[in-house]
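This structure is in C-alpha cells; I'll ask about it shortly.
Note that the chains take the letters A, B, C, D and E in the order they are written out, and that residue 1 is the start of every chain.
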C-alpha cells in the first residue's frame, strides 16, 4: 500500500515514463501492479436484430460467442487479475508480446498486425478532477473478424457508455456495421477527449498573457514551465497516433472495410488538428518564456531608474551639504549674510536641472507606469 | 445571446481552436451554432450563351439544374438552417462526414475525394475592421461534374462578387470553362486575400523596428508577442493549403481537367509565396524579440552607467567632507589658513581625475545618447 | 511620381514582398508599374558562321527569325510597355499565366514546363551602389527550340554584355551550341553574381566580430539585426533556385540536351555553395546576437563592479566620519589627543582590508580592462 | 599504467569520442588497448534436449561445434588478447574490417550484413556505481546459421547471466529456438538496461525543479549543463539503434526467421520509447536552463528592489540631515524652539510617503518572499 | 606578393568562402592563384609483381602508362602550372568543368560521374601548427579503369607517404587490388585526419567547462564564439562527404568493384561518426553559451548582493549619525549623559538586525563563494 506522497510522486512521473521490464526478464512476462484493479469482463453481443449485455462474465463464458455471426464486444476493465488475462490470451490466441503490451502499461501508442488480429494501443486523457493538468490511461483494442476486445486500466464511464447506449437503443449505424466500425466509434471518442484537455491549456496560456505584463512574478515562470512540461507529455501521447491512424486509413487489411476507412480518415483529421494545436501551444509557451524574461528585464530597468534618479539627484546635494558642514576655521562663505539662502538656491537649481534632464529622457515613467495585459496594447 | 465581452473572448480564441465534437457524440452530427446566420442559397447557372442568377432559392428548386449541361454554382450563405443543409446533403448525396466538416466550423483546410465529388475546405482571411489582426472564415467547395457547391459562414462580398460580375458580363474565359475553372477563380481570390493581411504584418514589424532602438518599452514587447501569436494562427490556416493545392495539381481526377491544373499550379505558387513570407516574418519577429532583450540590456547599462558615474564621483568626496566635519578637538588641518581651499582643491582634483577616467571609457555616452531607429545606423 | 522617401520605403520592403494581384482580379492580367521602364528589344541571331545584333526591334520584326535554323536571342529590356509585351505573348504563344509571372515582378524563382517552352524565373542580385545591402531584379527566360527570350526589369549591363561580346567574337563554345547553352551562360553569370554580395556580408560580420568585444554598442545590435534580415531575403531568393537547377539537371526535356545538363549541374553546385554560405552566415549572425547579449552583460558587470567597489569602500567610512560628526556633549573620544589620528588609521585599515578583499576576487579588473576583438584571445 | 587522474579524464571524454585509427594506418589493424582485459571464451552449446557450458575454452576448441546441429553461443569476454581474437577471426572467417570494428572500441552502433554473417554492434549502458552519470560498454554480435559470437569489453554479469540461467534451466522458449532468438534475448536485455539509466535522469531533473525556484545557485546551472551533456551522449548511443532494430525487422535475411522478427519488433518499440524519453528530457533540460536564467533574473530583481527601497528612503533623509548640519552662521531655523521636532516630523512624513509608494507597487515583496518549488504554484 | 597581414586575413576567411568565378566569365576557365605552388607530378606504377616510382615526370611521359595493365597513380602536387594542368586535361580527356573544379580551389566536396571517369573532390584538414584551429586543403581524385589521378594544393606528406611506403614494401593488400582500393586507402587516411582535429575541439570545450564557473570572463565568450565558427566550417567540409561516401557504397559503377564497396562502407561509417561528434560539439558549444550567460548573471547577482548588503546596512546608520550631526539649538538628546552610548547601541542593534536578515536569506554567500568547475558539483 502506497502512502499519499508516494502516490503523488508516481502520478507526476507518469508524465514521463513508459513501462519497462527488469533488464534480462523473460519476454511476454505479465507485470501486474499491486494496486491494479481486478479484471472484470463486460460482454456486449449484437447484430441488426438483437443486442445483449452481460457483466462479470468469466473468460470461458466468452468461447461460445467466438463462432457466431454476431458482433461481440468484450470489454476487460481492470488489469489486476493475471489468471483472467492469461485465460483470455489463450482463448483468443493472443501472442505473448501482444498480451505483455496490453498489460504492462503505459506503452507508446501503436498499431500492430498479427495476421488474424489487429492490435491498437492508445492513451486516453482526461482533465484532472480538482487541479490543473491531465491524467492518462491506456486503452488497448484487439480487433478480430467478428469480435472486438478492449482492455482498460479502470472502467471508463463517460464516452464508452454513450456507445453502449447507442448499441442498446439501436441509434445511428452501429448495429448495421461490423466490429471495425465499433472500434472507430470508441477510438473517435477517445481522440475527441483530447480537445477539452487542450482547451484547458489554451485558457491557462491566456491567463498568463493577461497577468504577465501587469505583475511578472515567479508564479508565471512556474506555470509556463509546467505547461511546457505537460504539453511535452501530451505530444508524446498523441504524436504516435498520427502514424497509427494514417496506417488504419492506408493499410489494406481484411479486418477493416473500405467503408470504415472513410471513418478512420476522420480520426486521422482530428489527430492532425490536435497536433496542430499542441504545436501552436508549445510555440506560444516558448514565446511566453521569452516575454517573461523581457518583462523581468523591463521591471528591473524600472527599479534601476528609480534608484538612479533618486541617487543622482540627492548624492551631489548631500555632498554640498557635507562641504558646508566641515569645521575649517577659515570658511568665508559661512559668515556671509545670504550664504545659507544662496546655498539652498544653488542646491535647488542643481536638483531642478537633474529633474529636467531625467524628465526629458523619460526616466520618470516608472514612477507612473500603467499596467496593461500582454494581449492588449496602450 | 452573447454579451460583448464574451464575443470578444470567442473571437480571440478563434485564433487557436478547431471545432470539436462532444467526446462520444454520433459521427455526422451537425452542430448549428446559436448565432449562425440562417442559410440562403444563391444559384448562378451559365454556359457560353447564357447566365442566370436566382437568390433565395429553396433546396428543392436546385434539383432541375442537376441534369442539365450548363454549369451551376450553388452558393449557400450562412450555416444556421439545419433543415436546409440536410436537404442539400440529400439532394447532392453528400457523405454525412462531409456535411459535418462543412457545417462544424472551423476545420483544418483539406481536400477529400468522395469519388463523385471533390471536397475542398479552406480558411479565408480578411483584415479586421478597426483594429489590428485578421479574422478568418471557412469556405467549403463541393465540386461535381457540372456543378459547384460553396458554403460560407456569412456572405462574402468583395471577391466573390467580382467573379459573379465576370460571369454576368461574360468577361474573361469563365463562361467557356467548366466548374473546375470556376472553383479555381474563387480559390484564387481567397488565396490572394492573404497578401493584404500579410502586408499589415510587414508594416507592423517595420513600425517596431523604427521604435525599438529609440525608446524600448513594454508596448513593443506586447506587439512582438501578438505578432508571433497571430502569425502562428495564419500559418496554421495556410500551411495545409500547400498540400491541398499540390494535390489539385498532381492528382488525376476526372473532375479536374489538365488545363485547369495549369491554373491550380498558379494557386500553388501563391500559397508557397505566402508561406515564404509568413516564415520570413516569423523569423523577423523572433529576431526582434532578441533585439528587444538586447535593447533593454543596453538601456539598463546606460542607467547603471549614469548611477555609477555620479555615485563614484560624489561618494568619495562626501567622505572627505565628512572627515572634516568630525568634531575631534585636535584636528590641526582645521586651524590652518589655507586648509579649506586646499581641501576644495583636493576634492576638485579627485573629481577631475574620475571624470577623465570615465570619459576615456566612454561612460559619458549615455548622458548624450542619440536615438536612432533599428533599421538605420549612425 | 514617387518622392524620394517613398522610393526608399519601397526599396526596403522590396526585401520582403512578392507581387500579388488584387484579390478577385482576372487571371493573366498584366500589372504595369507606373515607374517601369519602356520595353525595348535587342535581338541577337547567330549560328556557327554568323552573328548579327539589332537593337530597338519591333515585336513583329522578330517573326521572320522564328522559322530559321539559327539561334535567336530576344532580350526584352524594361517591362513598361503593355502593348509590346502582349504582342510578344501572341507571337510566341505564351500562356497568359506565364506572361503574368514574367511581368508582375517580383515572383518566386521557378521553372515551369509549358510543353513547347521552358520558363525559368530567377532573381538577380547586385550590391547597392553607395551603401550596404543589395538590390534584386527579376530575370525571366523563355526557352524554345531555337530561340531564347529574356525579360529584364532594366538593362543588365555587366554580365550579359560579356556574353554578347563572346557571341560576337565567337569566343568559347557558345556559337557551336544550342539555345540551352546560351541560357546556361546567362544563368551561370546571374548565379555567380551572388558571391560578391555574400562576400560583403562576410566582411560585415567580421567587422562586427572585431568591434563587438572592444566596445559593444547599439550600432552593432542594429547591424546584426539588419544582416539577419537581409540574409533572410537573400535566402528566399536563392533557396528555390536549388530545386530549379536540380530540375534542369534531372528532368528529361527535348529542349535541354544531355550535354547542356552537365553544365547545369555546375549551376546546381554553385547554388548549393551559395546556400551553404548563406546558412553559415545566418548561424554566425545568430551566434553574434548571443555574443552581443553576453558582451553587454559583461559590460554591465564591470560597471556594477566599479560602483560596488567604490560604494562598499566609502559608505562605511562615511558612516564613521558621520558618527564623529555628531554633536553629543559627552563623546569622550573627541577629547583625546590621538583620537583623530587613530580614527583616520582605523578608516585606512578598513579601506585597505576591503581593497585587498576585492583585489583577490579580481573585482579591480574592470578598472584596467584590455579591449580585444572577438576573433582573438588574450 | 595510467594514473587515476588520467583514467578519470579518459572516462569523461568517453562520452564524446569514437575510436579512430592513426590516419594512414592499415585497414583491418587491431588496436589492443594496454589496459584491455585478456580475452576468455565462454561456450554454451544447447538444443532442445541438452545444454553444456564450458569456460576458458581455446579458440581451436570451438571448431568442432561449428559443424553440429546444436546452437553454440561463444561469448568472448575481454578484448585484450590479439592472438585469440585473430584466431577467432580465422576460424569464423570474419572480414578484417568486421574484426576491426569489434575490437577497436567504441564504435557507433550498426548492423552490417556480410552474407554468411550478420554483425550487430551496440553500446550497453549502466549507471555509475557511486556517482551520477552512466558508463557504456560495447557489445558486438556475430550471428551465423547455428552459432552466435558475442564480444564484450568486460564480463557483463547481470543481464547475460540471467539468459545463461534460462538456457541451463530450460526456462521459456530459448531452447526451442534458433540463434536469432538468443540474439534477441541478449539485445533485449541490453536495451532494457537503458531505462534505469534514464530514470536517474528523470529524478535529477525533478530534483532541480524542486530546488530551482527556492534557491537558484550555480550548482543547478552545473547540474543542468551536465545533464544536457550526458543526454547528448546517451542519444548518440541509442539513436543509431533505431535504424539497426528497424533493419532487423524489415530486412529479409536467411539468418533471421519471420518469427524472430516479431520479437525484434518489440526491441524496436523499446528503442523508440527510449528515444522518446531522451528527447523529452532534453527539452525539459533546455526549459530548465531558461527557467534558471529567469529565476536568476527574478532574484536579481529582488536584490535590486531591496537596495532601491532602502536607498530611496534614506538618501533624501540624509540630505536633509546634512543641510541642518551645515555651519552657516545665519540659519534661522536652527534657533527656533520646535525646529528639531518639525524637522524630524518632516523626515518621517517623507519616509512614510515613500514606504506607501513602494508598498503599493509591491516592492516590499522581496522582504517577505515565500520560496516554492518550480513544480508547484502558490 | 601578399604581406603577412593579408595572408592571415585570407587564411581566416578561408573558413567561409568557396572559390567563385568572376560573374560572366567563361566556363572551364582555370584560375591559377599567384601564390600557387608549381605543379610537379609523381608517378607510381605497380602490379602484384613490381612497383616503380618516378618524380617530376612530364605530362607526356605519362602517356605510355595509360595502355598497360598495371595500376598507375599519378599524383599532381601544386596547382600553379596552367600548361601542365591543361596538358593533363588533354591526355586524360578531362571535361573542362572537371578541370575547373579541380584547379579553382576550394570547392564543395562532391562525387561526379563522367562515364569513363569518377571524380571525387574532398577537403583534407589538419591542425594548425602553433595555434588553435585547423587548416584545410582540397584533394581531388580522378579514377579511371587502371589509373588514379590525384591533385593536391601542396604536397601532403604524412598520410600519403604511408600509402606510398605500403605500395613499395608490398604491405597489406594494396598491390593485389585495383585503383579503386588505392583511392579507398587515400580517402580513408584523409577522413581519419578529421579525428585529431575534432579531439582538439573536445579539449578546448573541456577547458572552457573547467574555467567557466570559476571565473567567467570575456576570453571564454570569445573562445566559445570561435569554436562555434570553426565547427560550422568543419561541418561544411564534412557534411557533403556523407552523401559522397554513401554514393560510393550504393552506386553501381564499373569503376568500383563490389569488394571495394565494403571498404568504402567503412569510410561512410567514419564520416557518420565525425558528423556525430561535430553535432555533439555544436550542441555543447551552444549549451556553453547559455551557461556563460547564466554564469555572468550569477556573478552580477553576487556583485549586487555585496553592494546591497553594504549599502542597506550603512545608509540608515549614516542617516542616524547625520541627524545627530544637525546643529539645532534645542536637541535635548545631545545633552544627556548616555545619549552617545545609547545612540551607538541603537545603531549596533539595527546593523545586527540587518545582518541577521541578510544572513538568513543567504546573501552573505557571495562573500565566501567557493569556485568550482562546471564539470563538477559541490
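The criterion applied here is as follows: a residue touches a chain if its C-beta (ideal position, glycine included) is under 8 Å from a C-beta of that chain, and two chains touch if they have at least 3 such contacts.
Remember, it's a predicted structure, so these values are computed and weren't measured experimentally.
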item	value
Path length in the contact graph (chain A to chain E, fewest steps)	2
Chain E against chain C, contact positions shared by both copies (same if over half, else different)	different
Euclidean distance of C-alpha centroids - chain C vs chain D, Å	42
Centre-of-Cα separation between chain B and chain A, whole angstrom	26
Multi-chain contact residues (two or more partners), chain A	293, 297, 300, 304, 307, 311, 315, 318, 322, 325-327, 331
Sequence of chains encountered when the ring is traversed from chain D in the direction of chain E	D, E, C, B, A
Chain A-facing residues of chain B, complex	12-13, 16-18, 20-27, 95, 97, 101, 107-108, 110, 112, 215, 217-219, 221-223, 225-226, 228-229, 232-233, 236, 289, 292-293, 296-297, 299-300, 303-304, 306-307, 310-311, 314-315, 317-318, 321-322, 324-327, 331, 333-335, 337-340, 343-344, 347
Chain B-touching residues of chain A, taken from the complex the two chains share	158-163, 166, 171-172, 184-185, 188-190, 192-193, 195-196, 198-199, 202, 206, 209, 213, 262-263, 265-266, 269-270, 272-273, 276-277, 280-281, 283-284, 287-288, 290-291, 293-295, 297-298, 300-301, 304-305, 307-308, 311-312, 315-316, 318-319, 322-323, 325-331, 362-363, 365, 372, 374-378
